[in-house]
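Note that the chains are named A, B and C in the order they appear, and that numbering of residues resets to 1 at the start of each chain.
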């Protein structure tokens, strides 16, 4: 006890902060990790090339898809935060901005703006998805929203849950404000029942289900509805909107969504599948209807020279430009479909311009130089039902490239 | 040469930079503090819930009120700078961006974009205000502006002064460019006469006065006038603007403002009071008038478990999630009023849509987990004069919540 | 030494990161420099004062010209990146966002958004230009664009080359997306033949040439053409655009540019000269034409108390506010001209509102407190041909001020 009295306090106070500069990232943290600041970023420089589009529906272009400086951190050991603006698509905005109170792993309270805890593919970081653009299911999935989320996990990540109350996004969109007085409830459970258990080949099996429920009422200027897009990011469906006549379709009543979802990773192999159903009451003039849209996708991938995971392909060793060795090659294929309610036509959407359905097939190759930098090349073909004056909208054939860096 | 070989120069050069990671913030600085970079941020995730509004004037919503990454620093020991973007309200913009030349405490020259040195409540950081939204006085107070500011303080902060030349903001707004050829002059003095002196209970007494003077001439597209908002952030007064007929009220002539202001902090007790008068010449068609608007507020607060100050409530000790001890609870009440010139109606504003006056009362409770993270719950009621076709606009009753983090 | 031989691995792993905090900037890097993160920023607070403009064409204003937080870095020793948003001009956007693969000095591949490698003055950082605004030549020069660039240098920088494929900017503008299906090719070579050689006074001589070639097709909403601006940043030429009648001039066909360019720096003396020619096919209704525009500039500068260079004036020693010694004063003069194709009038541009030509002369003084902070005062006069109902647009006389900080 005497020796203790003589010294330790000053030494403890002098324990210097830790500066991390490595493949793991750039960060400053106190010696006890109670205070942490991570300086991160994401950058995606894409090319989109529409093949065989004699009608020039799509425009070939280079585009900055995501440009995101990120501040992640921890204060006082139990409060995490994230600030993530995005300057991609020529449209600056905030993506994530939240505080996470973390009294324990099994219960956290998140407040701010964050991804609605609903769709599996959307919850996977776009940096880790084997495909350059997400599947058609995200047309029915809520993206970022503001509100509160109670979430947590247990048994080393064997189960996860989320309960959220949020403003309520239109399908396939993000919003900054609520358009009506009511909020959406969101619930999601996901389990990896074999994580850390035998048989080991089932460790990467994850299954879950998510649902949202809310009332949404739009106005002529803020309809509470968003257009749907193809893999090539072209609008393929939009609700009728005639500002001159005042005839605008608005969300008007209950909005329900359901999404069973799952993934399976084993060594170099990966599989992700999801089904989404969205049911929304809409109105135009005196006409009302409950429209039921569906979408689903299945994607498989294989990583040469590394391992597949929900957190992205991990090369066994990083690419070395001197020896030209290392890196990993991920190849993936996906089939996905979007099926829109026939009752939407022609009262709520123009059948000559909006499609009734879309079915797409895509193949992707990604060279991961290392965990931080990738080059990807994708080809996606989508066939449409309806959406043209003379029947079906012409199929979309799009070649995509991406240079991606995260730190 | 020998003496040189013996020592001090190389050692000095080798003195390593200082990395700070703590409750005080995250920063890098040279050993002599001549070069400093602070990585900071502010985040406010709010909820607004309008009670008893059968006419649905206000929309209940979650909203990111402020999302601000901040770079603060010092170069060469006498030049400070700040870059503070804001991604709040779904509207990215720059708030502060300035250089401060600091030859001494008593004289500094600031160039760039900064808060106009006028209103006391506005000059207090919104992070430190006991209320979630500022009072009705800020409807008459200029916010951020571009220009030059000579400022300084003396006798350990016992007196402060500011002299600025800026583009000239409309009341209650910020601008990026000047709308006319003339600039506004701003002057402010503030004294804490008993700071560091006896009697000690008067140490937190501060009194000051500020004024602005300028000419403002608007155009049909850039009127030089801004709407006024309620505590619930709804527009309650706007100048007439009919783009079709070309009948638009514009600023047209002299703009004067005056604001006596003061605060008093003693232990756990805080008081802040301010009066603002704005006089602006306006024009529509051939009609001109000088409109005189007034506003004032008084706010009192008490901090349980900490001390009150202009720099926000400081908990005696931070909240510990294991023991559930620590943190501070601040309770506050405010009475405030906005009185608009009767001469504005009906020629310059529509009496059926714009109010003649507003009087508000609000109570606030804030739990400060520590100096960096807070949760607040407010209730504000505001009564209006005029502003409706049938007399008075319905009172506003708004419940507000806020999760706030600064680092 | 034996003990040391037994255990080197742990020691190597423990080699700590390097934190730099100095005049050179703020950065974190791994001991082997394979991972680097630089935290940088640029800030320009300007004033513009139009003299002798009885018709009030220009508005006197303070304006934040550039407000740019910057993240620069390196990953795995051969991949560089930059993220540079800009909050200047009241318009947040992304300027630079790219990845640079660097297998060697003589060949690098850049992907993302970057300055089109074409104009010499535009490729010089605006922070280093002796003038507050660039010359009239930049009206014909492409600014930022998205795409791929192969670039490199050899013999210690004696020669540089760039080959790029990009979306294709209109003259004098930046774009976020392509407006048509075709891309622009850009090539540039630049040589400093005497760099590191005798005679030493020719070391700062650089000569080069650049060209762009592409097809550009605009639409009524996205014309593929941009207005041209004076030194005072006022629009002096714009293509006809009548949204009501649908009569809009659009880019329609080949777009070629050529720019011989050079500079010469010797001690305190600097000279920069550039000629730009742009030839663009345009269309309105049934009328088509190939318009050929020209511009050129010559600028000379002298640095008192420092050295001139393409990377900006470098003070011999930094200004010390205590002794009032140090710093450098740069004085510069510039003559520049813009000559627009006569065939543009009146079918493609209104001769009563758009000028046929502009000739400007300007003088600049800049006090560089040190390498990071400057104050500049400029006067620019520009005479115009045409552009008014009664003949020539009134000459522009603009006094400009700038406070600038980079870190």
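Please note the rule applied: a residue touches a chain if its C-beta (ideal position, glycine included) is under 8 Å from a C-beta of that chain, and two chains touch if they have at least 3 such contacts.
This one's a predicted model, so the numbers in the text were calculated from it and none came from an experiment.
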Fitting chain B to chain C on CA atoms, where both chains share a sequence, rotation angle to nearest 5 degrees: 120
Type of chain A:chain B copy interface by residue overlap (half), same or different: different
Between chain B and chain A, distance of the C-alpha-averaged centres to the nearest whole Å: 36
Residues of chain C engaged with two or more neighbouring chains: 19, 39, 69, 85, 92
Chain A residues within the chain B interface of the complex: 16-17, 19, 28-30, 35-37, 39, 69, 71, 73, 75-76, 78-79, 81, 83, 85, 92-94, 97-99, 103, 111-113, 145-148, 166-167, 176-183
Contact footprint of chain A on chain B as seen in their complex: 19-23, 26, 39, 41, 43, 45, 50, 56, 59-64, 67, 69, 85, 87-90, 92, 318-319, 321, 369-370, 372-373, 403, 405, 407
